[in-house]
Amino acid sequence: MLVILLYIFTLFFLHFLIMALNKFQIAQRIAQELKDGYYVNLGIGIPTLVANYIPADINVVLQSENGLLGMGPFPIEGEESADLINAGKQTITTLPGSSIFDSAMSFGMIRSGKINLTVLGAMEVSENGDIANWKIPGKMVKGMGGAMDLVASAKNIIVAMMHTNPAGESKLLKKCTLPLTGTNCVKKIVTDLAVIEITKEGFKLLERAPGIMIEEIIAKTNASLIVDGIIPEMDL
Amino acid sequence: MLVILLYIFTLFFLHFLIMALNKFQIAQRIAQELKDGYYVNLGIGIPTLVANYIPADINVVLQSENGLLGMGPFPIEGEESADLINAGKQTITTLPGSSIFDSAMSFGMIRSGKINLTVLGAMEVSENGDIANWKIPGKMVKGMGGAMDLVASAKNIIVAMMHTNPAGESKLLKKCTLPLTGTNCVKKIVTDLAVIEITKEGFKLLERAPGIMIEEIIAKTNASLIVDGIIPEMDL
Amino acid sequence: MTKLINNATEAIADIVDGSVLMLGGFGLCGIPENCIDALVKKGVKNLTCISNNAGVDDFGIGLMLKNKQVKKMISSYVGENAEFERQLLSGELEVELIPQGTLATRCMAAGYGMPAIYTPAGVGTEVAEGKEVRNFNGKEYLLELAFEADFAIVKAWKGDKQGNLIYKDTARNFNPLMAMAAKITIAEVEELVEDGELDPNFIHTPGVYVHRIFEGVNYEKRIEQRTVTNKK
Amino acid sequence: MTKLINNATEAIADIVDGSVLMLGGFGLCGIPENCIDALVKKGVKNLTCISNNAGVDDFGIGLMLKNKQVKKMISSYVGENAEFERQLLSGELEVELIPQGTLATRCMAAGYGMPAIYTPAGVGTEVAEGKEVRNFNGKEYLLELAFEADFAIVKAWKGDKQGNLIYKDTARNFNPLMAMAAKITIAEVEELVEDGELDPNFIHTPGVYVHRIFEGVNYEKRIEQRTVTNKK
């Protein structure tokens, strides 16, 4: 009993020590980028969670690249259908005003820039906006799915990822080391530590996670970081 | 009264003198080229008439390039709809099993060779299968419509036309003089005088209209005509 | 943010002299009657119109021609129009004739984010002049570029507030292709329905492509060639 | 001439060793279960399969992989399959990974008689290696060729004797694209209806593209990721 209490206390204490965002908070911060009337494609992982934080006062339509506009929430137990899934192969629902189409039209609307925002995860992002998120040499490669199409065409691409990999190495680099998914395409990165914009001059720090020092962000970014004026904390 | 009788008699007499086919008979002869299961696109003019002679024992599906497979007959008076027309802008009907699609898919199925036979009219056809049917220099040009797409893609193209133009000049030539609609595409020509195949060696006479002499066909064809063995009369 | 607007006048308010328009329809079938009327009333000039046909003298795009609003027509077939012929022969009107399948596919290419397509239509003809000819598997094709248009004006049978559209019978024709292809897409519909009334499985134009939608009025839906039979 | 056949065994009778197949579906959604079972029973080998995914170990194309019938997979994503991974790492299986939109559009290109398309997907990546890169309006695109396949095997919700097909919800995915794209198209449907029962306005695949059709049996329609909510 005492051990458990001590454990809980330690977790609680750690929570204050480690002010970095968890994946839900990253999703929450990204949701602030949504605007009324946006059509949005959310990738698998953290990006999917963004759907839970869409402000109630705006209307956002989610696209699933397997052929659906107007993706609704998971179905009520017992109402799930094998014929209605999202690109992550999860059972979902439609909404009033949804539309269904084939994969060519789905990527057609992506390619022609009709999707206002794409949110996806990454293994590496470089300061010129290159992204690597599909292949690690030497490991089993599962495929790029729709990621290459999305990053090659979307007007606005936000990457949701941890600032460093499990080995503690920065995922923000001067140049990606892994095989690329797309080039010069990422516009913004939201990590557990910061919101960073990709400008012509490179990474530019926009916001810090609550309690995170600029020095830490600089230390964990393996490229130049433009820090211009006062950097506000994220408003979560 | 006597004048009228004389007139009718003259017409009757002329009928025997001029054994050439009328446009209905040309359509009738072309209908013999249809096979069970064929998807067919019929151009405006004589080709449209082919629909009236489809043998009862075969199933042929008519395509209208404005976006319909399974074109039915003209509607019963009072049931015509402005929303249901063929490529000649005539009111038509659908049939059980019809399908409607947009113009891109319509020409998609034409381009990918799914239409087994295209029948269209022509102003000139050359011995290598070139066709001219859309433009006369110096005259108002109305446009090629879907003809260039059809002749560039259809697997089997039959031209329905008079053997000579109103000035009595052959419409079958060594080389077309008018601007081309397509090249090396016509497979067969059915005229008021003959059925002619286009072979690698040029025009080859297959059949003559009832009572028409081979000499007349040769005389009215402004190119070499291969006449190989006995040339049967058309069986109408 | 709503796509729903009140009428054609509002829909075309920002169409200006020199705009490039796509207009749906085949002959007089499935044409955006309300918007054409509004364009005639507005009197914008020097328009480039991409449309399979050019209407007849007193209906469809013919009304805009009569009003001398059209600088250039890009079409596959432009018969049935005496005023058109007069303007063309007098040099007032420019015409670019394009094979019908090429016209349709250049719209689709724009909507699908493909900068160009290859088609065999027109190879060996004057349509090929100045164009890249390329051989694939022994057959020659022309490179044709995707259209770039400021506005697509389409007519649908039903639509909802999300901009989802369905078309009736062969009034579909070029409408869904043009709806995908322009910077701004205006849809006029015979019947505006609530979101959820259209089955998501049977939407012809997903709403993402449509920027403005309104329920049209007083559709004439003129028939160009009334052909009927007496047979029962 | 009828397109109607009795069952999957009949449908795939002329598929032989070395055939190039397209198989519809996204994940396990909308896959031609009956034909896959028949292919496994028939045991044809050295197949090239064009399909967005490769099934799971004990369902979908995974069954053909387990049976060592597949020489090459052409897909966009091939996770969720241990046997697949084993064969790939051991060199028994060849895999060509293609961006999903490119995969879809190369099918469409075949169905639309376009020999190739231009897409920006993969520019600057290893997908671009050996491919033509072309600049249109300041943006770079890859030239990607239309697929050539011997058979397309698709699964639809309903179909009629003319071969007209409709799909249900997101089980549509690649099915209508592949249905247009091969030399021979085989469609298995959950429900075969009489000609005239399907509204001509809402056909997803016109019958002209379909060569054989049959009503399938015993659909399992397995769900890969069952995600539900308790909220009402």
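Each chain carries a letter (A, B, C and D) given by its place in the written order, and its residues are counted from 1.
As a working rule, a contact is a pair of C-beta atoms (placed from the backbone, for glycine too) under 8 Å apart; a residue touches a chain by one contact, two chains touch by 3 or more.
Since the structure is predicted, the reported quantities are computational estimates derived from the model, not experimental observations.
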Compare the CA centroid of chain B with every other chain's and tell me the farthest one.
A
Return the distance between the CA-based centres of chain A and chain D, expressed in whole Å.
30
Between chain C and chain D, tell me the centre distance in angstrom, where each centre is the average of that chain's C-alpha atoms.
33
Measuring centre to centre with CA averages, how many angstrom lie between chain B and chain D?
39
I need the residues of chain D touching at least two other chains; which ones are they?
105, 112-114, 119-120, 168-169, 172, 200-201
At least two other chains touched by the same residue of chain A: list those residues.
68, 94, 100-101, 104, 107-108, 110-111, 153
What chain pairs are in touch here?
A-C, A-D, B-C, B-D, C-D
Going by the contact rule set out above, which residues of chain D touch chain C in the complex?
105, 112-120, 136-137, 139, 141, 145, 166-169, 172, 200-202
In the complex, go through chain B and note every residue touching chain D.
36-37, 39, 59, 61, 63, 68-70, 94-101, 104-105, 107-115, 153
Touching residues on chain C, where the partner in the complex is chain A:
1, 110-114, 160-162, 164, 180, 194-196, 200-201, 203, 206-209
Seen from chain A, its contact residues with chain D in the complex are 64-68, 73-92, 94, 100-104, 106-108, 110-111, 130, 140-149, 152-153, 179-184
In the complex, the residues of chain C that touch chain B are 26-30, 52, 75-79, 85, 88-89, 97, 99-105, 107-108, 119-127, 157, 168-177, 204, 221-232
